[in-house]
Amino acid sequence: MLEVSVRHRFEGFALDAAFKAPPGVTVLFGRSGSGKTTIINTVAGLLMPDSGRIASGDWCLLDTESGIRLKPHRRRLGYIFQEGRLFPHLTVRQNLAYGAWFAPKDAPRASTAGVVDLLGIGHLLDRRPGALSGGEKQRVAIGRALLSAPRLILADEPLAALDEARKAEILPYFERLRDEVSVPILYVSHSPSEVARLATTVVALDAGRVVAQGPAAEVLGNPGILPAGAREAGAVLTARVARHHADGLTELDAGGLPLFLPKVPQPEGGRLRVRIAAHDVILSRARPEGLSALNILPGVVHEVRPGEGPGAIVALDTCAGRVLARITRRSANVLGLVPGAEVHAIVKTVSVAPLDVGGGGRTKR
Amino acid sequence: MTDWLGPAEWSAVALSLQVSFWATLVSLPLGIFVAYALARWSFPGKQVLNGLVHLPLILPPVVTGYLLLLTLGTRGPIGSVLADWGIVFAFRWTGAAVAAAVMAFPLMVRAIRLSIEAVDPKLEQASATLGASPVWVFLTVTLPMALPGIVAGAILAFAKAMGEFGATITFVSNIPGETRTIPSAIYAFLQVPGGEASAMKLVIVSVVVAMGALLLSELIGRRVTARVGGR
Amino acid sequence: AAASMTSALAEIETNFEAATGHDLVVSLAGSSALARQIQQGAPADIFISASTDWMDRIEADGLIEEGSRFDLLGNSIVLAAFGTETAPVEIGPDLDLAGLLGDGRLAMALVDSVPAGVYGKAALESLGLWDDVEAQVAQADNVRAALAFVAAGEAPYGIVYATDAAAEDNVTIVGTFPPDTHPAIVYPAADLASRDVPAEAEFLAYLRGPEARAAFERQGFTVLTE
Amino acid sequence: MLEVSVRHRFEGFALDAAFKAPPGVTVLFGRSGSGKTTIINTVAGLLMPDSGRIASGDWCLLDTESGIRLKPHRRRLGYIFQEGRLFPHLTVRQNLAYGAWFAPKDAPRASTAGVVDLLGIGHLLDRRPGALSGGEKQRVAIGRALLSAPRLILADEPLAALDEARKAEILPYFERLRDEVSVPILYVSHSPSEVARLATTVVALDAGRVVAQGPAAEVLGNPGILPAGAREAGAVLTARVARHHADGLTELDAGGLPLFLPKVPQPEGGRLRVRIAAHDVILSRARPEGLSALNILPGVVHEVRPGEGPGAIVALDTCAGRVLARITRRSANVLGLVPGAEVHAIVKTVSVAPLDVGGGGRTKR
Amino acid sequence: MTDWLGPAEWSAVALSLQVSFWATLVSLPLGIFVAYALARWSFPGKQVLNGLVHLPLILPPVVTGYLLLLTLGTRGPIGSVLADWGIVFAFRWTGAAVAAAVMAFPLMVRAIRLSIEAVDPKLEQASATLGASPVWVFLTVTLPMALPGIVAGAILAFAKAMGEFGATITFVSNIPGETRTIPSAIYAFLQVPGGEASAMKLVIVSVVVAMGALLLSELIGRRVTARVGGR
């Protein structure tokens, strides 16, 4: 468990953040300028905070009180910088190999071929960064960090410059790192679906302070604290793969309720997380019939929280867990949704977006 | 061509090349080190070091040569210690190389320092996060990225060494075959009425040699720049 | 004027200016540099050279007033040794100069181009010593630098002007080269043809006068005018 | 109308693209490394293509055949670079003012205060770029380009580094530029919602070639050609603001059918575009009752196109226009969806995301 | 203090400052221009220009001085033309400044060139897209970003000018109050017995002055670097 507690003042900006990052992916979430990169830099040792303590178990990276300041090169990090920072004088191949030169020879190491393949940079290996496109640079930067056999990965918006398809290819790799290699990951992202999919823990920042932290499901299920407002609210459910159907659908078992998804890679019996965005849920009092939507979760209204606009968030308890629905207040009135009311949540199969399906991780709460 | 210059002149040319080459080569590591220290560290006495490096530029060469004679001569405080170890500079071509190196040092350090200062510290940081210790950061990032400046500094030093006269003759005199470099020979020719023609031949030789070195450095510089890819 | 006359001329300048009210400007550099500058039209009135060669050259170029050249000063060359108590030697054909040097160097000014070196080489040649020591000669670009090698103990012996050696504490004059072993050491002076300033004649006359003589002699020169 | 036709070879990459950019926003869309930045650079004059012609009406920027090569500084561009490129030696204020120094004094000029406000960089004006966060840099870069009184804006992923909330604030500004100031804009983006909202024309690139181009509605409605696959398909409808309701909803009139949205800024009677993503549409044979979804569009199945996975795209013609729905093939079978079948498209109010609502632009087709 | 140095020495100090100052100031624009041309343009004869700039470094100063005397002297091909316009360098302090400028030019150009080469062309491109013509790009981006190198180059040139001797004395002789700079005065002192003490005083003065200039340049350089904000 990584514990971070730092205070630092820039002119016009004060950082005062403390959080705990349990094993898995801890996502730093917050508006531009809220201090995400600054925190990552203190963990990397590139910025010496005015005061603070950063430690992982008994491995202490920084403790200003006792004067411990581990040099960056002793921290064994894989830092994916927000701005690439590839070495312009080295080829892509040499950039990728750079970290491995310095890693202990017996460190567990990702296969270069595998990472190169995953990132689709095989045809670029002999080029220099100056001749790469923006997204290509970013992919090489990811590869360089992953291949350095790090004990801790710091990823500052690693996928921002990539197209959706490429993101969809790379995200599962971070999941595997989280689940199989169990490298702790500090991850900065603006994308709710990335957060939902990867995060074990979410730390929400605002103006240099932590405004919320906790397990992903909890923080994401609370529309009040998420920076971008209600649009990003959604529930994260844990489910088990029940069956792969012949027509390309996978049936999940979420607390006894069936959920249909486009085929997922997990084997039958495997556990995974599914994010259901609040705005993708339609509610119906009666059990709906004859719809193209396959997933219908019966539940009981737990709470109706009016939003700032014409909308409201309805939280309902189903056997699969707490599900959020964002509907108009008009509909809430028409349907008579009050706590205790029985409703059906209708979720389109495909609106459980591929990006929002992740391996089970450690969020089995 | 061999007839055009006498054997004495050829010996001066060969000696100048030898002296300049070794002066440059041996002072390069120290030059890089000092340039790095001036560019990236802050330590007490930094400005003193900086001043010391520039001293040979400011002083008339004769004074520099005289100071070298007083310190590195066989009876000088440093020279006598070195002499006990069998290292003697006085009246040797090695002394000429020392004089040339000292005179060229400020030029070398300035060029290298500017290049090191131009290396983006963010890349050095990236290297550190990937596990490179400061020495490795320097060797794998700073040094190769500063290469154009290092080449420029070395060539500047070489050119300066080829032309160095005042300090050399004051420190190690003008001994044919040992310390009579091209500039010393040219000077000797110019001291007598009618010596201009012989002097001019040597001037041409030294210009040709130095231009060759310059061209080479331009080529190296251009290749390095091209490698970094449009930056 | 030749740079080796710096101190003497400084004294003469002050006195001359005080005595006549003229403003005297002295440019001191190597004789070769000055001669070339005169060839290129330097706005100079009087040239005092450290060697006859360059004065000859200037004269041949028709750059001096006819009949104005005269020999101003003389000097002698000596064998100087490092240290204060080196024993004097007899300078003659029997001198074992190579033996004295051991594996040390003999410091001289450039033997083919700087006057002090040329005189020294001539002296050694006429004494038949040159071939023995030629390989050990360390030539400096001027006689003062040669002296510095001896004074610093870098070279055990050197051949320099008597004027220079006398004033240096760290060296001993161990012998003087007989005047007949080398061409006469003279510093010729002349009025240049380029410009005509009334004070020229006045200054040339002053140079020959008793006050100038005293000043030159204080610096160890032999004054050749009467 | 900007006409671009360029050919250029890098080692290992050949660009051969020709497209027409009518007034409005032309979005270049394509995977990482497909040549978007390369094209923008030729328009900016920073890259001299092997051959090509770039002209806007009778204003010719480049014509390799007749040897015309307008220097970059004569092109009056506002180029928002993919990597910021702020001037490190100038303050933010000076960076913003830079372009104005060189613009003709009578050029129509955006108000500095307005742009600074919009971008939320008022507190940064006296800093230098070295002390800005990644997103702050990007915002200053946007401001610098907008304030240079450009005749043509080139925007290379201008919003990639920003959070959703900030994006939502800045996007309307680009719309205003498009609609009110009528500066043509070449815009690179990976985000389908940005594309749908801004694009007048879409040019889809793949490996240096144009694989599709045309009006936004047409290209976006064709799932086959979109790089990231069917997930990005969606229909763009044009509608008129019918009424602003008291409960914060706006009622649109789309070809006679009512559509409810959270309040939009357009006045009653104003025209706008609405994107309905195919995966946000549920189909029902019977007219559904008692649902929280307010928008129900009756229509007739035009085509059922099976996708690569378990899904299918159903195109239906409604009075509002062509609407796409992405459903499972299983549902398509169960519901008996064949061309000519009558169905109802159910669209949740709020699933018409704020980003996907744009001013009417020039797409009144 | 005024007693410590005689009036003649003070005049040499003042003259050296004057000569070095003007030599640096006047050659700076040309130095920047040449450095820019060498860094960013390619044109026929570029290598010739590059060689020409470095020539004074390679040649013994006496030769450079002699060549200056031959070309810029009142009878030289250029000197005589200039003399008709009333511009005379020979044996004037202006000539000393020319000699110092020529000798310092290679150092200045190298330093500036390295700094210009280190300016990211991408920023220059950005400037061009914002409407800046090449001249404005240079003035608003290249020049300010290369400032540390320009300051370094100027100071290097100033220091070199302060120490320049061989070319100066050969070209414009050693005329008190007109061309007798500190190094010439030191030379004159060293030519006579017992002159070392006076020479040493001047050495100290010139070291102090040059160190002052160096410190100043370090301060300027640091401020410029700090402004750019850790880069």
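Read from first to last, the chains carry the letters A, B, C, D and E; within each, the first residue is number 1.
Methods note: contacts are C-beta pairs under 8 Å (C-beta built on N, C-alpha and C of every residue); 3 or more make two chains touch, one makes a residue touch a chain.
Everything quoted here is computed from the prediction, not taken from an experiment.
Listed by label, the chains touching chain A and chain D alike form an empty list.
Here the chain-to-chain distance from chain B to chain D, counted in touching steps, is 2.
Relative to the C-alpha centre of chain B, the farthest chain centre belongs to D.
Once the centre of each chain is set as its mean CA position, chain C and chain D turn out to be 90 Å apart.
Put simply, the C-alpha centre of chain C and that of chain E have 35 angstrom between them.
Centre-to-centre, using mean CA coordinates, chain A is 57 Å away from chain B. Shared interface positions of chain C, defined as residues touching 2 or more other chains, are 30.
Residues of chain B in contact with two or more other chains: 62, 66, 122, 166, 187, 190, 230-231. The set of chain A residues that touch two or more partner chains comprises 83, 131.
Touching chain pairs in this entry, ordered by label, are A-B, A-D, B-C, B-E, C-E, D-E. Across the complex, chain B meets chain A through its residues 122-123, 125-134, 136-137, 140-141, 144-145, 147, 227-231.
Chain E makes touch with chain C in their complex at residues 62, 65-66, 69-70, 73-76, 90-91, 169-170, 173-180, 184, 187-195.
Contact residues on chain E toward chain B in their complex (touch as defined above): 47, 50-51, 54-55, 57-63, 66, 106-107, 110-111, 113-115, 117-118, 120-122, 148-149, 152, 156, 159-160, 162-163, 165-166, 182-183, 186-187, 190, 199, 203, 206-207, 210-211, 214-215, 218, 225, 230-231. Across the complex, chain C meets chain E through its residues 3-7, 25-30, 33-34, 36-37, 40-43, 142, 144, 163-164, 166-168, 219.
Interface residues of chain A facing chain D in the complex, by the touch rule stated above, are 10, 12, 30-33, 36-38, 82-83, 123, 127, 131, 133-136, 138-139, 156-157, 160-166, 190, 192, 227-229, 231-232, 245, 247-249, 260, 262-263, 279-280, 282-286, 288-294, 309-311, 325-332, 335, 346, 348-351, 353-354.
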